[in-house]
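Structure below; questions to follow.
Naming follows writing order (A, B and C), and every chain is counted from residue 1.
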Amino acid sequence: MSILEVRDLTMRFGGLHAVDGLGFSVAKDSIHGLIGPNGAGKTTTFNVISGFYRPTSGRIFHEGVEISGLPMEKVADLGIVRTFQHATLFRELSVLENVLIGCYSRRRTGLMDAIFGRWHKQDALLREEAEELLEFFGLAERADFPAGNLPHGLQRALGMAIASAARPSLMLLDEPFTGMNAEETLVMMDLTRRLRERGVSILLVEHDMRAVMGLCDCITVMNFGKLLAQGSPDEIRSHPEVIKAYLGGGHTEA
Amino acid sequence: MLAIVPEAARFRYLLAWTALAVLLCALPLFLSYSQKEILVFTTINVILVVSYRHLTLTGEWSLGHVVMMGCGAYGSALASKQLGLAVPLSMLTGGVCAALVGWLLSYPLFRMKGFYFLIGSFAAGEVIRLLWKRFRDPFGGPKGLKRVPGLEEFEFAGLRIDFFDPVPYYFFSLAVAIVCIWLLWRIERSPLGWSYHAVHWGDDLARSVGIPTRRLRRRAMVTASFFAGISGALLVHYVGTVNPSRFNVEEMVYVLTWAIVGGVATLYGPILGVVSLTIVNEIILREFGLDQWRPLFYGALLIASVLFLPKGLESLVAPARSMLSRLWTRSA
Amino acid sequence: MHELLLQTFLNATYAASYIALVAVGLVLIFGVMGVINFAHGELYMLGAYGVVAVYVGAQQSFLLAVAVGLMFVGLVGLLMERALFRPLRDNPLSGLVASIGLLLILQALAAIFFGVRMEHIPPVTQEVLRFSDGVSLPLQRLFVIVAAIVLLTGLWMFLKRTRFGWALRASAEDREAAQLQGISVTRIAQLAMVIGAGLAGVAGALTAPLVRVYPYMGHSVIVTVFIVIIVGGVGSLEGAVIAAIAYAFVHTFVTTFFDGVVADIVGLLLMLMVLVVRPTGLFGARDRA
């Protein structure tokens, strides 16, 4: 049973086909990588799945429910939550408050609830949840830190914590390892695996080939907006088309 | 020893609030008749500017907010004149009218953000003002509505309270203002209010975890419009007339000035702005007969404050308070 | 009926000319500085008072009065850049708020110097071009139309043909990229302010004998121009011109067949409709979010 299915997805900007008839699916409880040379359309694919863009054509299903064309907040409501390439946080708020806002997205407080204070009990529960998440992501000691002052690696972890707070069934990670040193990368890989153990399927876009090969169960390779290959890391590593695309593109991060 | 500190702090808090309450109650004793009238208007303006700040929580600055006040004024005036509603009820009706208009306008306006929202809200406000001007029935055209009934007098413990007098009306508006501020405070200090902050500081991030940012902006606008409407209703039943030019851009600029000079990061910032500017305005300009210089003064102040005090008067409060508390501990 | 239509057409052409002048100036300032100049209507008002001072007051020729209006308002624009927009460059919302402050100051100064009464400016020429019985065009209006065409064409040539013009457009499209090309951002900002303000001033000066000149005359102009730039797309000069023409025609025709207030309402509703259907305006590519 696949958690995400992309069928014949096309995204055009003006005359440019950023994504062109792409189709793939992500298996439940897997870590799935989406790779390709620069400009292959990975980030655009991400933005379309998460509802940031409306696709020009094609359909996207999440656990059998069509989500293509829905706005980002609806997609998130249905259980697909993304993180951002650049650490996007509520920089003015504390670490705990950042995660709490992620929690609030599920339990909404109405105007009357706010005025009559009918949120305190629920808030206590959410706070517990948020603290548990901070523990999980190794941020517990810095709960009261302003988010903007966290070191880079922890900002990334916080971004994932905020996303997890919305209880997604599928998390989209946009280049989670960019700008990280080897040690931070290992920590992040470990986090990603443990997240999967909690029942969150993961789709990630990444340039760091070592991380992708070490982490993913399945990899989809894109080139010029089209599907180039799909398979296990070993299959991809030895796939002639993939090697050609990467060498031809002059892209040798692998 | 450690337990005493919060005790002392609580005592100081209590003292400060009591002092404020006494001051607010005793204030009319020291003022002339015209100053008492200004006290009433200032109280009404406090509601207006606090409601304005509520919308800025989501990061949007409107230029149509005084028109929302106007919707409350017209709505309440018509409800009491045409439908014969009791004034307190018509005031609520006015608030609801403003909220409704805010809700309708929010659909086109929140297709935009930032600048575009600002200009759009300005234009939308102008449409409403033009409608008041154009439709003599029921809005009375450019001359507006006259002879709007005042708040009904009533007897209390043998005392007859007449709301044409500024002092009773001041206490009435003060009570309404306190309720309004308290309600807005409750909303701000709830998960809903925190979500507003999230909408302000990270729209995309908020949407990515499923927070419906547009709907929240809309809700903030409807809430803010409601309270602006209440302030308009308070105004119209005191002065007894209402016309479209009372809610023109110049008035909007005053509200903007109060908010910017006071600062909008805290609830008390805008109140500080409206109170201090009213005092300066009344003492300096009126006493010296420089009333026609008021726009010049406000314009210069607006520029000076964005250039030299971008965080508003409220940014001076924390240093002042710590200085006071140092003085307090030294003398104790 | 036929004549009425033709006459309305001429009136609309006249309205489109001066609205386009003011709107293009505002768009230019927004493009380069990133700030919406709320005091733009007051720059128009200053141009009109330039005519009051030079043509009516000092009894000089109208042409000289227009030139003085242009230069004076251009200078005011330069001062605005230096005193307000440059220090607030990183914070466009503050720039806008400051321009609102300036709006109040300019209105108050005009009221103090000239009084709040409407000025009567004798027309430069009483001559009227008569096409047929009910169709005529006062020569004064023709001046405005011709001047607008000449100025806008000149601006267009300047933007397309000269190095400065190229830099101006580059900087309006992408400020950082322009900076990388070694274009002095300050110089470009000054240029944009002078041209933008000057266009508003010239429009005010040219129309002064045709409209009611008083300190608060900028208000209706700024409302109109905001509608025009939103409909046209806030970053687009061509859009501003086309939207100015469209708006002027709709407004003039509705005024002729209904009345002025209805025309204002229709104009504003049109703007709100454009926002709903196409938030970036008809010609704007820029995202408004």
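Just so it is clear, contacts are C-beta pairs under 8 Å (C-beta built on N, C-alpha and C of every residue); 3 or more make two chains touch, one makes a residue touch a chain.
As the structure is a prediction and not an experimental result, all values here were calculated from the model.
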item: Contact-richer chain pair [B-C vs A-B]; value: B-C
item: Farthest chain relative to chain C (centres taken as mean CA coordinates); value: A
item: Chain nearest the overall Cα centroid; value: B
item: Centre distance in Å when chain A and chain C are each reduced to the mean of their C-alpha atoms; value: 48
item: Distance between the centres, which are taken as Cα means, of chain C and chain B, whole angstrom; value: 34
item: Centroid spacing, where centroids are CA-atom means, of chain A and chain B in whole angstrom; value: 43
item: Chain A contact footprint on chain B (complex, rising order); value: 183, 186-187, 190-195, 197-198, 201-202, 204-213, 219, 223
item: Touching residues (chain side chain A, partner chain B) in the complex; value: 50, 52, 71-74, 76-77, 81-84, 88-93, 97, 100-102, 104-111, 113-115, 117, 119, 123, 162-163, 165-166
item: Touch list for chain C against partner chain B, complex; value: 36, 84, 87-88, 91-94, 96-98, 100-105, 107-109, 111-112, 219, 223, 226-227, 230, 234, 261-262, 264-265, 268-269, 271-273, 275-276, 279, 288-289
item: Residues on chain B engaged by chain C in the complex (per definition of touch); value: 61, 107-109, 111-116, 118-120, 122-124, 126-127, 130-131, 133-134, 203, 249-250, 253, 256-257, 260, 292-293, 295-296, 298-303, 306-307, 310
